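Each of the next two complexes has chain A plus one other chain: chain B in the first, chain C in the second.
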Partner chain A sequence: MGDLIQLAVLVAIGYFVGSRIEKKHYRSIKEREKKLLCCPVVTGDDFLEDKPIRVTRLVSGSAVISTDYFKMIAGNLLNLIGGEVSVFESLLDRARREAVLRMKEEATKADIILNLRIETSTIAGRNSVEALAYGTAVYYEK
Partner chain B sequence: MIQVMTNIESVPGKRIVEHFGLVCGSTVRAKNAFKDFGAGLKNLVGGELKAYTELMNESRKQALERLKCQAENLGANAIINVRFSTSNIANGAAEIYVYGTAVRVE
Partner chain C sequence: MKYTPQEIENNVNVSPQSPLRTFSIALAKIAALLFIIYLVIGLLVDIIAPRISIETEKKIGALAGADLKGKKQTEQDLRLQAILDPLVQGDPALPGFNYKVYVQENDQVNALALPAGNIVVFSGLLKEVRSENEMAMILAHELGHFRHRDHLRGMGRQLILLLLVTFFSGGDTTSQRVIMPSITTMQMRFSQRQEKAADQFGLDLLNKTYGHVAGATDFFVKMSKKNDWPKFMYFFSTHPYPGSRIQALTERIQEQGYVAGKAEPLWGALIPSYAAGFSK
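Moving on to the complex of A and B:
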């Protein structure tokens, strides 16, 4: 009985605090995405204009986002049934968008970012995902 | 000196005059037990694990340093087609591997 109560408390803390943190994170992501909308990011490498180039630079950004206790339990339960595990989708989405944003923030004033690549990995034993975004920032001669 | 790194097949605006082949750099790093414990607590409520983001950034920087060092020894001044890859080997430790092609540009 004591174990069950402990589990319920942990899940409740995970759910309430976790979803608050997630909402706050999404708000900040959306706000910054709007601010950085002016810098185009492409996944190809033939989008260059015919202008003299001042600097070319490798830029990257990364974020490690952890699950909360509620998601962990819910994810395990959903795993039993199979199908869509929606609790983890938002986690990966947040990690990737945050990584791309950090890359863009590193390359402020770049005219274009070419060949964006996103890598995802997990950190062993931590129930968390790491997303890394990297690309080539190009600055034209002004 | 490595002047420029890109992850595309050329250096925009410059002509490649010589190829030196594959260069790579890697590093394995882990966080100390205290920070690991903090991350364990953060697992309860979720959110960003700053200690780990920092760890990954540090390791990436070090792997890139090793990549550059290798390319410089070959006499290159640019690295094209840089790729990152991450794998985890044990609890809380991560390996970062970076590879690319060393070239000389005009």
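Moving on to the complex of A and C:
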């Protein structure tokens, strides 16, 4: 019985704290995405304009987002019965977008970022997810 | 090619369903699944348990009570054995085990019926008991579990459920932590019915052995005074609400016309040695 109460408390804390942090993170992501909208990022390499290039360089951004106790338990339950593990979707979405944002923040004033790639991996057992975004920043001659 | 920056408006990568809803649905599905499995296993165990031969049970008993095997009974144990033996002789229908009683130091007020005729009485319970008849009632109650083969049923269910949980969760401790406590609660609820049946058996055997039923309800009366938990708390307990046990016993005493009799305070000889034995 004590175990069950302890578990319920942890799940409740996980849910309330976790969703607060998530909401806050999404607000920050949306705000920064709007701010950095001017710098184009593409997955291809044929978006170059016909201008002399001053410099190109590798830019990368990585973000590690941790799950919370609620998501972990919910994910485990869903593992038992199968189906979409939707509780983890927001986690991955946040990690990917945050990584791209950090990459863009690194490439300030780049004219375009080509060949964007995103990779994900798990960290700390299965409790955290890392997203790594990298690409080639291109700066034209002014 | 022209690049047009665009803001993400509808995020297709995150399901719109609230995580709380996802969680509740998953929990409900698993609970339903476990409940069905539990019912089916319960049915199977109830069918199989009475058919397990005494020989097989002795083998199981050797596994389950391995630490009791060949254990020499202390002076204390032998005094309890002296109360137990006439009770065993009183019912020829009891499975033919070599019934042995052992005292174990533990503050819990409880006694256990282990497979193959081993009874363990916790020292916490001994401290509460005041008369031979009261002790006889408790031992007769445990004999009732052997007679009804309750420990086999209980063990079968727990064993199979534990196996199932381990199988389903792939040994993942987090899901085991979710599932196991709820199973034990269900398991306990189930055994309350068995406890009441064992009470009835114990009462009949007490009357048969002593010719009266003195001391039959003493222990439960004591317990009901001691534990003034609200009645609903007993849902989570292994044993039924003492009040309802007393009532059931009293009803049976009236129904069968059992004589009240007088309790024998033979216990006096045991208490000093008991106290000496455990004061170490």
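One rule holds in what follows: the second predicted complex is superposed on the first by the 140 of 142 C-alpha atoms of A that agree within 3 Å, B and C clash if a C-alpha of one lies under 4 Å from a C-alpha of the other, contacts with A are read in each partner's own complex, and residues count from 1 in each chain.
Keep in mind that, in the parts below, a residue touches a chain if its C-beta (ideal position, glycine included) is under 8 Å from a C-beta of that chain, and two chains touch if they have at least 3 such contacts.
Bear in mind that the values here come from a model prediction, so they are computed numbers and not experimental data.
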- Task: Using the superposition on chain A, decide if chain B and chain C clash or fit.
- Result: fit
- Does the superposition put A:Lys71 against chain B (first), chain C (second), both, or neither? both
- Message: Once chain A of both complexes is superposed, is A:Arg57 in touch with chain B (first), chain C (second), both, or neither?
- Response: first
- More chain A residues in contact [chain B versus chain C]: B
- What is the angle, as a multiple of 10 degrees, that the CA centres of chain B and chain C span when seen from the CA centre of chain A? 110
- Query: Can A:Arg117 be said to touch chain B (first), chain C (second), both, or neither?
  - Reply: first
- Answer with first, second, both or neither: which of chain B and chain C does A:Ile81 touch in the superposed model? second
- Touching A:Phe47, do we find chain B (first), chain C (second), both, or neither? second
- Nearest Cα pair across chain B and chain C, whole Å: 13
- Query: What is the shared patch of chain A, the residues that chain B and chain C both contact?
  - Reply: 71-72
- Tell me, which parts of chain A touch chain C in their complex? 1, 3-4, 7, 15, 19, 33-34, 37-38, 40, 42, 46-47, 70-74, 76-81, 84, 86-87, 89-90, 92-93, 112
- Residues of chain A defined as touching chain B within the complex: 10, 13-14, 17-18, 21-22, 25, 45, 48, 52-53, 56-58, 60, 62-69, 71-72, 98, 114-115, 117, 119, 121-128, 130, 132, 134-136, 138
- Message: Help me check something: in the complex, which residues belonging to chain B touch chain A?
- Response: 4-13, 39-40, 42-50, 52-53, 56-57, 60, 82-94
- Taking the complex as given, what residues does chain C use to touch chain A? 1, 3, 5, 7-8, 11, 13-15, 17, 19-20, 22-23, 26-27, 29-30, 33, 168-169, 172, 174-175, 177-178, 180-182, 185, 236
